[in-house]
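Letters are used for the chains, namely A, B and C, taken in the order the chains are written, and counting of residues starts over at 1 for each.
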Amino acid sequence: MRHLLSAGDLSRDEANLILDTAEEMRSLADRPIKKLPALRGRTVVNLFFEDSTRTRISFEAAAKRLSADVINFSAKGSSVSKGESLKDTALTLQAMGADGVVCRHGSSGAPHLLATSGWMTGSVVNAGDGTHEHPTQALLDAFTMRRHLGSLDGRRITIVGDVLHSRVARSNVLLLATLGAEVTVVAPPTLLPVDMSGWPCATSYDLDATLPKSDAVMMLRVQRERMGEAFFPSAREYTRRYGLDVHRMAQLPDEAIVLHPGPMNRGMEISAEVADSTRSVIVEQVTNGVAIRMAVLYLLLSGSNETSEESQA
Amino acid sequence: MTAYLITGASIVGEGVADLLIDNGEIVAIGNDLDRPEDVEIVDGNGKIALPGLVDLHTHLREPGREDAETVLTGTRAAAMGGFTAVFAMANTDPVADTAGVVEQVWRLGREAGYADVYPIGAVTVGRQGTQLAELGAMADSAARVRVFSDDGDCVWDAALMRRALEYVKAFGGVIAQHAQEPRLTQGAQMNEGALSGVLGLTGWPSVAEESIIARDILLNAHVGSKLHICHLSTKGSVEIVRAAKKRGLEVTAEVTPHHLLLTEDLLTSYNPVFKVNPPLRTKADVEAVREGLADGTIDIVATDHAPHPVEDKDCEWSAAAFGMTGLETALSVVQHAMIDTKLMTWADLADRMSYRPAAIGQIGEHGRPLEVGAPANVTLVDPGVERTVVPGESASLSRNTPFDGMKLPGQVVATFLRGTPTVLDGKLTR
Amino acid sequence: MSPASVPVPRTVLDASDISRALTRIAHEILERNRGADPVVLLGIPTRGVGLATRISERIAAVEGQSVPTGSLDVTMYRDDIGLKPARALEHTDIPPGGIDGKVVVLVDDVLFSGRTIRAALDAIGDIGRPKAVQLAVLVDRGHRELPIRADYVGKNLPTSLVERVTVHLTEYDGADAVLIADKTPLASEQPRVRTNDSSDARDGVRF
């Protein structure tokens, strides 16, 4: 494949290849020289139309550790606000010879458009698009879970929160199902898409009933602004019904882990005690993010262009 | 004025006859007609003669967005599509909410001469949905406006909608409603359903359309006026209109060619050419609107021709404009979706695309059956031709056709507006 | 090429030949380094790792002490990395004591152009600073393209460029043998860059 646009585009073999590669990349952290020559002479552009310092520096560290030249292109605002259009930006990147473009955009499908429009020839990595997908987040989550739980085949994974607006949830459901996990998403009905018949997962409105059957539970960030749009009545009620506190965490099986893609609303969807507990792998997720992004960039960009075009997905 | 003899055409898909046009009128229909001297022969063999098509829903963009379309280019596209009359929607800049603007649009149409242009007046001042525009002044103007619409936006205030319906009774006007409950469609990008959840595009529920249609039918029943539903797009809407008509309630409805053919599945490409208001729906909806059009629940086909400049479509989905062009492809799409599928006959098509839209729009000159003495508004179509849609070949200024690259049946060979050909041999005459 | 020309491979080393060669190499390593103390064995995946393990076992049998043994993937250091489809990484496993100040003996199955070993030297440089680096190979087939030579050679095998040398080891291939055959020209083969034969076999993963 040439681009990483959706976690759903990955076959099980491809997903495992990325995870296995990330495992090798992660060992780099223990070496004196945290740099590999794999992408020497390649240019990676971080094209961020939305602020996301966490994701950007994670990709930046990944590309730099692979010896790529990294250009950060922060293009806040879009063509609507009369900034430069996505097309002109893409043409600029093409002229600069970008081999890979890591794209974060507020509009669902924008990375897809970059990859398919013909405006540029580089590989596109979706670093989060609107309320659509965030495939590298799902990969790092799966990687983190795999390190703790072993193979995800048959593992029960629960995703809790604003699934309707969450690109993290979409990518995770697709990827985890590909890896053989049994996924359940839990949310108030207002925060689930109205028709989830195409999703390879179960749904529930009841967190307490789901937790005892979970090998891992992933809490999604819930934005307080959703209250104003009547998705739920109050932060307090949300926390009471869908927040993870120590009492709820006690219902989890002994080996179960707790994930959160960050940034957290402590006290809202997750209590501080849970976030800082031994079950929490939230800090590890950040470390693994760099390894996963190294793996993705390596697999997309290290090969020759001619052959990778043949194998375009 | 040159006389034209269309030879051997199937008249509205039925008997084969010659059709003689002279002095702006149809002067004879039959076989072995006497040929006047200097008559120009148009070979109608294997072709179908239709009454000139009438589009009740066209965006000509002038004044204000002459980069997207002008009255001239839009009516040239209309002629290429077999239309002899188009109703120009009011969402121009300035909005067509005064006698001055509608008269300007009407005059521009006359000057262009490719199709008669009937301006639609805005229901509310500036299409803001707060205060009635001077509907009477527009009705009394040279443009003789009878159809009023805030299209692009819904007249969502129930009290205002009621007053508009009531007020136009004085001059027999009709309110054409863009049925879209605004609160249910905040930020909406595509049909709400399984696919919107997967694509992460904000859903546009069917009920946002259906609830307004139901409300307005009941409002209209209460005040006894004329209500027309623009671009109906859902199965539920068809069912509501069908039930209303069964109960004898007054309502007319239109469907666009694109809602007769295209489904939301095209959106997996995130190509903004498929971004339209109302959104493309599901296969079940397409089947329902086809059935509704065939059984007369839906009265007419209207194009909702919505040209946009390249930059408004050559961008990410959420930044792109809503709308598709349609004048030049409408007849082919309807043939493909309704006639080649045996859901309708050519006579039905003439009814849905000429007689009835003219009746709803109250224009006597158009939408008349092909008979001696009628104004010679005639469209000759070759149903046997298959053509591939190439946006760059469009007579419209804009290129945003969703049918790009599709093979469609049928080709307009000639269009006559009051006896003058605007299209001959499939090409504009000037 | 017609399928009729598929070459029949010929065995040049059998299981006992390989066993004797490895035993000899183990002894030579001990002799040269005056014992096992400073030695770290790093096999180059895939088959170099199996060979390193076997050499390590023989050293342990002789010395009564095992030498740290690991693996070193050189994929990202290859000079043809941008010329071929992206390749899956092999496992790198540096023994806990590291390599600083040690004598690293690289172990590979076939020495050919020398480019793999050059990549391995670069990889080692990113991991630490050994006292010395030595090279052990089961087969040296000649045709070097870089100034690299092996310190320990199981068998020198003069070959022509059209021949293919394949090492089979029980743990990967079910039996021990070194085979030689005329190279079947494959459309997918890269004409410009030659690598050691065994690495050709692991080029398969495309991404």
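In this text, a contact is a pair of C-beta atoms (placed from the backbone, for glycine too) under 8 Å apart; a residue touches a chain by one contact, two chains touch by 3 or more.
Owing to the predicted nature of the structure, the values given are computational and were not obtained by experimental measurement.
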Central subunit by CA centre of mass proxy: A
Chain separated most widely from subunit A, comparing mean CA positions: B
Mean-CA-position distance for subunit C and subunit B (Å): 74
Length of the line joining the C-alpha centres of subunit A and subunit B, rounded to whole Å: 45
Separation of mean Cα positions, subunit C and subunit A [Å, integer]: 39
Numbers and ranges of subunit C residues touching at least 2 other chains: none
Residue ranges of subunit C touching subunit A (in the complex, touch as defined): 73, 75-77, 81-92, 122, 126-128, 205-207
Residue numbers on subunit A that touch subunit C, as the complex places them: 1, 14, 17, 20-21, 24-25, 27, 31-33, 35-38, 41-42, 66, 298-304, 307-308, 311
Contact set on subunit B toward subunit A in their complex: 189, 192-203, 205, 269-271, 311, 314-319
Residues of subunit A touching subunit B in the complex: 78-80, 85-87, 105-110, 112-113, 116, 129-133, 164, 167, 170, 193-199
